Every structure is written in C-alpha cells, then in structure tokens.
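Inspection log for the structure reproduced underneath, given as structure tokens.
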Amino acid sequence: MMISTLANPHKFMAFSRWATPVLGILGAALIGGGLWLGLAAPPDYQQGETVRIMFVHVPAAWVSMLAYACLGGASFVSLVFRHALADAAAKAVAPIGATFTGMALVTGSLWGRPMWGAWWVWGDARLVSVLVLLLLFLGYMALRASIDDEAKAARAAEILALAGLINLPVVKFSVNWWNTLHQGESIMRTGGPTLAPVYLTPLLLVGAGYSLSFGALWLMRTRGEVWRRRAASLTLQAALT
Amino acid sequence: MMISTLANPHKFMAFSRWATPVLGILGAALIGGGLWLGLAAPPDYQQGETVRIMFVHVPAAWVSMLAYACLGGASFVSLVFRHALADAAAKAVAPIGATFTGMALVTGSLWGRPMWGAWWVWGDARLVSVLVLLLLFLGYMALRASIDDEAKAARAAEILALAGLINLPVVKFSVNWWNTLHQGESIMRTGGPTLAPVYLTPLLLVGAGYSLSFGALWLMRTRGEVWRRRAASLTLQAALT
Amino acid sequence: MTALVALFRRELALTWGRGGGPLLAVGFFVAAALMFPLAIGAAPQRLQAVAGGVTWVALALASLLSLEPLFERDFDTGALEILSLGPLSLEVIAAAKCAAQWLATGAPLALAAPVVAVSLGATVATGALVGLAATIGGIAFAFLGGTGAALALAGRRGGVLIALIVLPLLTPPVIFGGAAIANFAAGLPWAGGMILLSAYALATVALTPFAMAGACRNALS
Amino acid sequence: MTALVALFRRELALTWGRGGGPLLAVGFFVAAALMFPLAIGAAPQRLQAVAGGVTWVALALASLLSLEPLFERDFDTGALEILSLGPLSLEVIAAAKCAAQWLATGAPLALAAPVVAVSLGATVATGALVGLAATIGGIAFAFLGGTGAALALAGRRGGVLIALIVLPLLTPPVIFGGAAIANFAAGLPWAGGMILLSAYALATVALTPFAMAGACRNALS
C-alpha cells in the first residue's frame, strides 16, 4: 500500500515534504546518541581507543550495502513497471551510496592503520567487497553520465544495476573464498553478535541513525530530481507553445 | 642516382624483375654456405652445440633492425616527396620485418632455453629491444589494416613509422639502461667482434645472406603491391568509362 | 537454424577479418604484458611470483577492450536494426555475436596466453593451465564484456566506459581463474577455482543475452 | 593568445565536464589496479614487491585509454575542421588539447596514484614518488597518446588500436618511471630515472604536436 501510494508523484512529494526533515532529525539524534555512548564506552582490551572508529565504519559499510539494494530495487521497479519516480529514486541514490561506500573505505583504512600497521590489507574480505561495491556505484554513475538522452540513460543504467545486484552475492562469495585461500594473512574480523553489549548498543544506534539519515538524503535528492524534471518539462512546454 | 632511377615505377618494375631472383639466389647461396660452415665449426667450449642457433638468431635480429630502418626510410621518402612507390615499399616491408623479428625472438628463446634454463630472460636487453621492435611492426600493420581509405592509411602509417624510428634509439638506450640497473641477473651476451673467426665467418655469411634474401622478399612484395594497385586503378577506369 | 549459422559466420568473418582482426587484441595483450617487467624490473624471482596473475589480468583487459566494436559497428551501419527485424530474436543475435567474438579473439588470446605466462617466468605446466583458464574464462569475458558493450552503445565513450562498468562484475571470474593459476603454481589443489570459473562462465552464457538484448533495444529505440 | 586561452578553456571544460569527465579514467585506473591483488593473491610481501610497478602500468593504461575521445569527438562534430580554419595552427591546437587532457585527466590520476600504490603495499614515501612520476609521466602519456589518438582517427577501432600503436613508443617512459619508483623503494639512487623521465616528457611536448597536426590534416583531407 505504502509503495503504491508513493508511486503517485504528487503523493510522494507531499509525503516526502514532511518525512525528509523527520527522518533527518531522528537520524541525527540516533547518531549523536550512539556516538556519545560509544565515546563513553571503555577502550577495548585488544584494540584500545581504536575500537571507536568501528562505530562510524561498520554502519557505513552496512548502509553502503543497503544503498545498493535500494538502487537495484528501484531499478527493478523502474524497468518492470516503467515508473518515472522509481528511476528518479535510482538516479538519486547512487551518489549517496557511493559516498557512504567511500566513507566505509576511508574509516576502514583509518581503523586498519593502527590495527594492522598498514593502510589497507587485502586479506580483509569485507573491505575488498566494499571496494568492489564502490566501483559498481562508480560504473553506474559513469554510464548514466555518459549517455545524453535521459530515457536511454535510465534504461541502460537500470540493466547495469540489476546485473550488479545479481552479481553482488557472487562477488561476496568469491572474495570470501579468495580470502580463505590466503588464510592466516592478518585477518581481523570486525565485531558480530558476540560483541559486548557496551559496544553493540552504540553500534546498533549509529547504524539505525545512518539508515534514517540515508533515507532522508535519498528522499531529499529524489525530490530534487523530481523538481528538476518538472522544471525541464515546463521549459519544454513553454518553448513549444 | 640509383634512387631517382628506381623512383620511376616502370624502371623499378624492369629493374626488380631481374634483381629479385638474383638477390634471392645469392642470398640463399650465402645462407647455405654460412650454415654449412657453421655446422662444421667445433662446438663452443662454453655453449656446446647450442652455439649454432646463434647463426640463425643473430642475423635475424640484425635484419629486423635493418627492416625497421627501411620502413622508416621509405616512410620518410613517401611523406616528404609524396612518392607512391615509396609507400608501396613501406607497406611491403612491414610483414617481412615482423617475420624476421618473430624469427629472432623464437630462435633467441630456443637458444636461451639450454643456456639460461628459461625460455625467456628479461635480463637480456637485446631480446627485449627486439620484442619492442615486433610490437612497433605490429602497431604499424594494425594501424594500416584498420583504415579503409588507402591514401589516409598510408599517410597515418608513415607518421607512425617515423615516430617509431625517432623513438627506437631511445628505446634501445632505455632498455640497456634498465638492464644495467638489474645487473647480475644472468646476462649472457651474444658474440661480438671478439668472437673467434671460426664462428664469425659463418655468422657474417649468414647475415649477408639474410640481408640479400630480405632485399629479394622486399622487392617481390613491392612488385606485388604495385601490380595490385595497377589492377585496382584499371578496374576503376573500366568502371568509369 | 540456417539463419543462426549464417549470422554466426557473418560475425566470425567480421571479427576475424576486419581491421586487423585478432592482431589488435593479441598485440595489445602482449604489449600490456611487456610493460610489467619493464616497470617492475627483470628480477626473475619477483616476476615469477606474479607471472600467472599478471597474464590473467592483461588477458581480461585485452578481452574487454577489444569488445568495443562488437555492437557499435552494427549500430552505426544500421545492421543491428535490420538484424533485430529478422527471424532471430535479439537475445540469440547477442549470444551469437559474443560466441563469435570468443572464437575469433578469445581463442587467439588463449593461444598467446601460455607463451606470455612462460616468458614471464611461469613453468610450462602453469602456462598450459593459463591457456585453459583463458579458454574458459574467455567465455565469461566475452559475454559480460558484450553486456558492457551493449550498455555503452548509447554512451559513445568507448572502451574505458565498457571496462569501468564491466570490471567490477568481472571480480568473480578474475578471482576464480587467478586462484586456480596461483594454486597450481604453488602445488596446491586448483580444481576448485577452475570449476567455479566454468560455472560462472556458463551462468553468464545463460543470463547475459537478456541484458544485451534489453540494452540493444534501448539503444535502438 | 586570447584564442589559445579560449581554446584551452574549451578543451578543459569538455574533458572535465562531459560524460563523467575524470571519473572514467580514475575509475578504470582503480578497477584495473584492484584486479591485480585479486588475481595474484593477498600475500602482502608479494604485492609489496610489485606495488609501484603495477600502479605505474595501470596508470599508463588508464591515461592511454581515456584519450580515445580527444580528437574523435571534435572530428565527428566537425569542430576539428572549424578549429583548423581558425587563427591557431593545428600544431598549437593539438598541443593545447593534450595539455588540457593532462590537466583534466592526468592530474586526478596523479592524485589517485599514491592512494593506489599505498593500498597495494608501497610505503607512503614511495606513494608520493609514484604521484610525482605520474605527474611528470602524465605529460608523456598525454602527448604520445594524443599522437596515437590522432593517428587512429581515420581508423575507428577505438582504444585498443591507440594502445597498441602507442604502447611500444611508451617503453622509455615506463622504464624510466618504473626504475625510479623501484629504486626508491629499494633505497637505491632514483633521481636518474626521474630526470630521464622529465627529459622524455619535454621531448614529447616539443616533437609530437607536429605528428598530431599531420595526422589531423590527414584525417580531415
């Protein structure tokens, strides 16, 4: 129901008008609270103070995956139902996803420096997967930017996003498999469900906050895209009459 | 005088008609004599029987350099004096040069196998230079093949051949310099003026024979190219009248 | 069926015969591989450790970049539109094109690959495995690269665009083939990588024709 | 002079702004460099030994392949013919195009190069030297690659053809830059390679505009 309501551009604009600031404020609050808890947590007995980078790194990696899933989903809807709003949403989400992915890479590198003694360790399968994800986003944006005809650019980019979405699990599997082949080369796993609650709570809070902020950014950029298209079609109409 | 005479296509065809077989027979005789002497020579105290590969390898490397010089020279004449025969000669020489270059690489690899225990040693500057030469020939042929308009193909290929000719001494210098940087990594120099006469004589004989055969092949292919062009222009005339 | 055979022969003739044919791809492959010893240095032990991997990456790049004219040529001349009106569906046409590309360019590259690998210091047995991996992996490179070429049709930015959108998708085959080659060279079990590479190649044959047909329809519309 | 400035700004805007701009070249560079650890394996000591060289070769390839539209775009739109009728000679036009290409694509690549080199295991100091080599070598890549792009204009085979005809000519800069990087990483004197690289880059700036102008005249005739 929600989706079919939002599929109507007017209802989407009405909904997103109040949803964008609400999501943004909620997200910022959650991030602030989570980071505050995270900074108050005691230093890890193994990682020391460095553990705190995890609170910005791991959620960024989560959201980058989420963003690609959103890109693939919006592309699928646009391809199958030929829905213009879905295309606007797909176009809007790519740079946000690339930014979160870049953030995950940079913070991962900052976190790895004291832990591994190197800025980058190929032995960490997650980081490598995130790098491939960044290249998928970059390829999507490059393809879209290189085609002048907007309708053709949308269709080509949708096909590419779907191909990437189908390929992504295989990429994850292959990178993990590649990693086990080279086992024992300084692999340091980021936390998981076994993480102590004192770290898990801020991590989940920041993760939720990142996701909500991502939603707010996405709505904002989609709104911008819808406005841009309306303006373009109005200009065209004015020129024709 | 010789050149200006040959520049006339009719005189060139008359000259090359008897010169091609004469050069071919002379070249074959010299190669045969040189190889006979070479096979009769005693095995080298260091290289053993393998030294005999030198008699086909070194002259091939010489002729490959000669062929590129001819390609560059013919291209220069064609570019400056806009002479069609020079262009035909340049087009004709490239595959011959590539063949001699390939021969030098293959025989060098066969010679290297027992000497170095490896089919190829990057530490040998001469082999690496010859490989770059092969790529220069291949690039010339590929550029020429990819342009449909014959006049444009000729002009573009000429510019490339001249650029290659200017670059070639720098390539030789850089490969030698690169090689001295990695000194001590199994460099085995092929003979030189210090070679014993029992090896030097067959080497020079085969070298002269290769050069003459190269000349014969070049004349033959240039004749073929001239015939091809005459036939094409006759077909065109017939179609127009 | 005769239409398919005729199409395949046409594609093969076009890819093999026109403008240098496989010479371009093989020449680029050799030239790219040559750059590595020149940049890294001639030390045999250093080269040997990376010989298989460098050959494998140069091969993937050569396959990808030589795909540029696969659809573009027919798109520019209008032949793609004519073909799409014929008895064969665009899916079949795209698959035939990629198969012809594999035969005309992938096979010569697969023949050249062992020579390049051995010259970089791999053993002859490793070189043979590189050739086998190039033959199987060439299918994945041709079909995924063909998808990129079809998508880039409307974009006209050429080979770099194709390479950028396809290279991330090529991560799995590059890993599988590279692991098989590296493990074989190290005396470890290598069949797993080869099987995964084959499975991936088959999956691309099954799936990418739909993407290519969609991309061609989009470019033609 | 104003004509030259106007032309340079036009070229810069076209190369920077259109169709993804430097994103394509940098993306291809990163993607190509990523393929090496995937194919070679993650062992740090193995990667570290070739980090500088692999970065350097990937950089040369990315520079070359992104040059494809340099003359082709203007040739297709007829802008090259119009420019050739203007007050500037084709030699100057070609040089301005290559300089703009260097600024718009070479500079971002030179910024990305240290990051890639360090991620492959080079030290930060080596990474800085890779960046310097990329900046200087980028001139040679842009001007020699521009020559290839101008020559390939009439050929329409795209980036592979450009790469194949230019790569052998690039042997000296690849060697000079690679040697400087490898020697620096090994603690040996490295200034010689850098000086030779700079000299080579200057020579290309002085000589290649004539070749490019000749090639453009040939394509336009």
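Letters are used for the chains, namely A, B, C and D, taken in the order the chains are written, and counting of residues starts over at 1 for each.
Operating definition for what follows: a contact is a pair of C-beta atoms (placed from the backbone, for glycine too) under 8 Å apart; a residue touches a chain by one contact, two chains touch by 3 or more.
All values derive from a computational prediction rather than experimental measurement.
Colleague: What is the touch distance from chain C to chain D, in steps?
Modeller: 1
Colleague: Most C-beta contact pairs, which chains?
Modeller: Greatest number of C-beta pairs in contact occurs for C-D.
Colleague: What whole-Å value do you get for the distance between chain A and chain C if each is reduced to the mean of its CA atoms?
Modeller: Centre-to-centre distance between chain A and chain C: 31 Å.
Colleague: At what distance in angstrom does the C-alpha mean of chain B lie from that of chain A?
Modeller: 58
Colleague: Could you say which residues in chain C touch two or more other chains, in rising order?
Modeller: Residues 19-20, 24, 27, 31, 34, 38, 41, 155, 157, 161, 164, 167-168, 171, 175, 179.
Colleague: Find every residue in chain B that makes contact with two or more other chains and list them.
Modeller: 132, 135, 138-139, 142, 146, 178, 181
Colleague: Report the complete set of touching chain pairs.
Modeller: A-C, A-D, B-C, B-D, C-D
Colleague: Mind pulling up the chain C residues that touch chain A in the complex?
Modeller: For chain C paired with chain A, touching residues are 147, 151-157, 161, 164-169, 171-172, 175-176, 179, 183, 196, 200, 207-208, 211, 214-215, 218-219, 221.
Colleague: What residues of chain D sit close enough to touch chain C in their complex?
Modeller: Residue list for chain D touching chain C: 19-20, 24-25, 27-28, 31-32, 34-36, 38-41, 46, 49-50, 52-54, 56-57, 60-62, 65-66, 68-69, 155, 157-161, 163-164, 167-168, 170-171, 174-175, 177-179, 181-182.
Colleague: Taking the touch rule as given, give the residues of chain B at its contact with chain C in the complex, in rising order.
Modeller: Those in contact with chain C are residues 109, 118-123, 128, 131-132, 135, 138-139, 141-142, 145-146, 178-179, 181-182, 185-186.
Colleague: Quick one: in the complex, what on chain D touches chain A?
Modeller: 19-21, 23-24, 27, 30-31, 34, 37-38, 41-44, 47, 118-121
Colleague: Along chain B, where are the residues that touch chain D in the complex?
Modeller: Contacts found on chain B: 132, 135-136, 138-140, 142-143, 146-147, 149, 151-153, 155-156, 159-160, 162-164, 166-167, 170-171, 173-175, 177-178, 181.
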